[in-house]
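What follows is a set of notes on a single structure, which appears directly below.
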Amino acid sequence: MNDTASTLDRVVREIADEMRQRTDRGEVATYIPELARVDPGAFGLVVVDASGYVAAAGDCDTPFSIQSISKVFTLTLALGKVGDKLWERVGREPSGSPFNSIVQLERERGIPRNPFINAGAIAVTDCILSGHQPREALGEILRFMQFLADDDSITIDNAVAASEQRHGYRNSALANYMKSFGVLDNPVEFTLGVYFHHCAIAMSCRQLAMAGRFLAQFGANPSTGLAVVQRERARRINALMLTCGHYDGSGEFAYRVGLPGKSGVGGGIIANAPGKASIAVWAPGLDASGNSRLGQIALEALSKRLGWSIFGA
Amino acid sequence: MNDTASTLDRVVREIADEMRQRTDRGEVATYIPELARVDPGAFGLVVVDASGYVAAAGDCDTPFSIQSISKVFTLTLALGKVGDKLWERVGREPSGSPFNSIVQLERERGIPRNPFINAGAIAVTDCILSGHQPREALGEILRFMQFLADDDSITIDNAVAASEQRHGYRNSALANYMKSFGVLDNPVEFTLGVYFHHCAIAMSCRQLAMAGRFLAQFGANPSTGLAVVQRERARRINALMLTCGHYDGSGEFAYRVGLPGKSGVGGGIIANAPGKASIAVWAPGLDASGNSRLGQIALEALSKRLGWSIFGA
Amino acid sequence: MNDTASTLDRVVREIADEMRQRTDRGEVATYIPELARVDPGAFGLVVVDASGYVAAAGDCDTPFSIQSISKVFTLTLALGKVGDKLWERVGREPSGSPFNSIVQLERERGIPRNPFINAGAIAVTDCILSGHQPREALGEILRFMQFLADDDSITIDNAVAASEQRHGYRNSALANYMKSFGVLDNPVEFTLGVYFHHCAIAMSCRQLAMAGRFLAQFGANPSTGLAVVQRERARRINALMLTCGHYDGSGEFAYRVGLPGKSGVGGGIIANAPGKASIAVWAPGLDASGNSRLGQIALEALSKRLGWSIFGA
Amino acid sequence: MNDTASTLDRVVREIADEMRQRTDRGEVATYIPELARVDPGAFGLVVVDASGYVAAAGDCDTPFSIQSISKVFTLTLALGKVGDKLWERVGREPSGSPFNSIVQLERERGIPRNPFINAGAIAVTDCILSGHQPREALGEILRFMQFLADDDSITIDNAVAASEQRHGYRNSALANYMKSFGVLDNPVEFTLGVYFHHCAIAMSCRQLAMAGRFLAQFGANPSTGLAVVQRERARRINALMLTCGHYDGSGEFAYRVGLPGKSGVGGGIIANAPGKASIAVWAPGLDASGNSRLGQIALEALSKRLGWSIFGA
């Protein structure tokens, strides 16, 4: 282990220790029983640096529901399939509204503001589906995750998916609303089925940090050296993560952490310091905007101590 | 001139040449006659790098109305005066609405979403004023700009200020609305008077690029070596510029250019590559979001050719 | 025929003649092919006065799709079943929005503003369904219509119902959205199934005018002399029709016509002059608010010539 | 005194007695000290029937601030001056929003939804002003009130007007906002000055009931027998009162009371039973929509007991 690696190890462990002692953990998501049941005291943090070194602490190998973090990967996959035509049906601007708001859709004729709010991610899922059977599209998404994380053991938590589907009235409203404007091509229940399932993928911090490496590495997958996406596309996905990755708390995340990131209501966040490291953190308690409370605090500390902010370290 | 400087010079000149030939220039702002009258063919670009080297091209010494670019500097000044108490009356999130929208204020009880939309900048101006006479507050703002740019010749265009005030009903609506919620402390006409005047400061690209150096230099003013703001504050202002600096085109600017920036309806934009350079561009024609059309295209080209995107070069 | 009856006959015929000659007929609804195919030149007008005399002109016996006119009858039926508990899940205020707006639902936690916008009528339908099978609920609604109109031949146009269901994404969005707030009790597809079918009831102006008699007759069904609803309830349904019966054109209808009324996108309108007459008109072309253009003009003429406005004749 | 008059007397006294005993009086308006200071126990009720007979009970001769009730009279006056051209700058639809909402103005380019919300009444006032000095316009409004009430002693409460002006930021926001869309012709401070003053007219229930007679009497002023407005105009003003007279509680008022009416935050309401009676009630405590709580209850009782609902008695 070189000096940098040992610094990284120390900082990651310090932060995990500090987080374990905090009591202001926010509230675990309760809209489905499967999420409500998660241990609110869990905390994991993994950093994979540019050399491939992995620093890990806490519950770093416990799989959890990645939820909206999947939106980064489905966006990447959809851009690979349909390219910039994707942007005909989803925008690139922060929404200024909660993650599941439908008001903006009415104002803007069914076009979601960005791919990281629910409506936008449903539109992206519809692009991936594009005429295939839900099962095939889902298989493709899952294999893409396994490939990126270099780990074939990643699976979908079917109990979570089924529960999402049973309670998914709000997302069903969004999808039907977009469908009424012709923004979705496939049958609403197909698109929603795939959407609910990719949100229910279960991954650990270690797996997520591995899967996010291409965003930190200018589009390349370090396991193979091959490009996952072109350099410019990695940069642009990072830009979208920074401006839109934390719903109506995106400005705050940029202000405090200063790294591209994407959160999920399962309590996970992936982030990256471009050229330096891919990061995943997990702490199930959420703040009012639906982002992991300790996850954000941990990332703020990490970014500050290692001088990784993209806004001037 | 070293190699880097000569590359910089070449790229800046190339871009200025390319921009001069473009015909898709957008529309000059027309809401006051003083702005409507500006030459739509004007173009200026100045980059000041970390060593202090200045690359300039086009109409780089023509003063223009900086308009909303002043919001970056009044925010900096207000944070210096009242610190984080400022955030009790203005938020840090992208608005998802046009620059002069009042809808968001009704939904959020008079608290503007961020300091870079009109309502937010008016609240910031009110903090600077804080009991002083408008004339004193305005003098302080102007001296701050002169100090940052290292240029005492910077002045306010009083014809523009007077015209803004005559046509400023929408801003007056915003200010009165905030006042009704107790968000402004000073008499509405005092706050608006200072606001209209600091928007009417006239500066050239060269002066603006010089004034913005502290944002690229971790808070330091290179002319003196002294800190204008602390390192962390510079970083945070950059984060706000990235998420909120271009109204409802902020996501697009991050996506295409990948640098913190702030535009004004006079056609100017300041931007910076943290640690590398301070940038100012001017092209009066605007796009539908109110941002300089060619200015954005020029910055996209600059960021790409020099590998300056903060999202992975 | 007495004098009053002969005046009524004359006025009804005059108006039908005048309407036949007008060319400003608005646009027939096109969102489903079954409605788009209706003859835009059709016009029917029927008035049933307090004595039971029927004045009819034009296409007064052609059945058409009653669409939202059914909302008056489902409201009446639901109030009979659940009484004022209905008002726990639907409001009584004009919406200030188009008939299918979802914005208001987000602002008011899934509670529709009134029973005459789509969301409100879906909530009312859900009350009627209350645990029964869709087929039973639908049978009950249809029998209620037949009873009120004293005509067993009234049926549902199944082609229209099927087409509504196929194109009903917007209504499906509304229903799922309300369901996410717990405003609907039954499975969304059950409630929507009944809703789409009762909107597809086909009736002529004669049948509609007969069915609306109880609203003009203080709650009594003149065929039997028995009360359909209590006097106060008839009055209150009339009040709701006046304030909310024409979507975002309700104020205009009150201003011009001055009678309680309810329109449907099939081009029909029912109205009444309390104590004096029940009225039905049909002209398929709609105005921008989705109300029959000639229907409104005909009712304005009728109300004026007979001095029937409730606001002072 | 004939039979009808004695019934009227009895009912009016009964209601006043009942109201005096109620304790659920709502909250007195507190946004200006002059209103906050009013006795919350006050109650007055006056009915003037078609024969000119006056039934009065309670504090029927105490002047109070008529506030938004003035909007009925300024509308009448403005229609007399500019006719239907008024409707180019104000709509005729219920707003679906609180009385002082600015959201709707942004959506509809500065055109207020109706003349009875604040923005609409400010636009109406601007029509009356139309180039004159504020003092002249105000004199005209006051003389119109004195003429209608047949009482020269009616005056403006200047303390209230001054206080309104001092606290009138929200109305100033509305006026400036409309001005920015060109909806107001006169200087904003002129229009607002007249507006604040006509809202500050002080009248008793007796004076208000007298002033409202022309609305109950098909446009005629019974004192003189001459038309104040044409029959159709009286009818149309009544229609607007019914659909828009109680802000976001207009539907509820129609549903419960069933009479055209207009409320003010001073706790007064005028109403009328067309052809039958002009009514004024006063009880300072307000409900959540800003309408007199006991005033509405008293009118509901009156309308019910005398069978005056326009929706079928």
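All chains are identified by letter, namely A, B, C and D, in their written order; residue positions are counted from 1 within each chain.
Just so we're on the same page, a contact is a pair of C-beta atoms (placed from the backbone, for glycine too) under 8 Å apart; a residue touches a chain by one contact, two chains touch by 3 or more.
All figures in this text were calculated on a predicted structure; none of them were measured in a lab.
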| item | value |
| --- | --- |
| Mutual neighbours - chains that touch subunit A and subunit C alike | none |
| Path length in steps (a step moves to a chain that is touched) from subunit B to subunit C | 2 |
| Centroid-based (C-alpha) most distant chain relative to subunit B | C |
| Subunit A and subunit D: spacing of chain centres that average the CA atoms, whole Å | 56 |
| Euclidean distance of C-alpha centroids - subunit B vs subunit D, Å | 48 |
| Gap in Å, rounded to a whole number, between the CA centres of subunit D and subunit C | 32 |
| Residue list for subunit B, restricted to those that touch at least two other chains | none |
| Pairs of chains, among all present, that meet the touch criterion | A-B, A-C, B-D, C-D |
| For the subunit B and subunit D complex, residues of the former touching the latter | 101-103, 105-107, 169-170, 172-177, 179-180, 188 |
| Touching residues (chain side subunit A, partner subunit B) in the complex | 91-97, 104, 113-114, 215-216, 218, 231-232, 234-236, 238-240, 242-244, 248-252, 254-255, 258, 260, 274-275, 304, 309-313 |
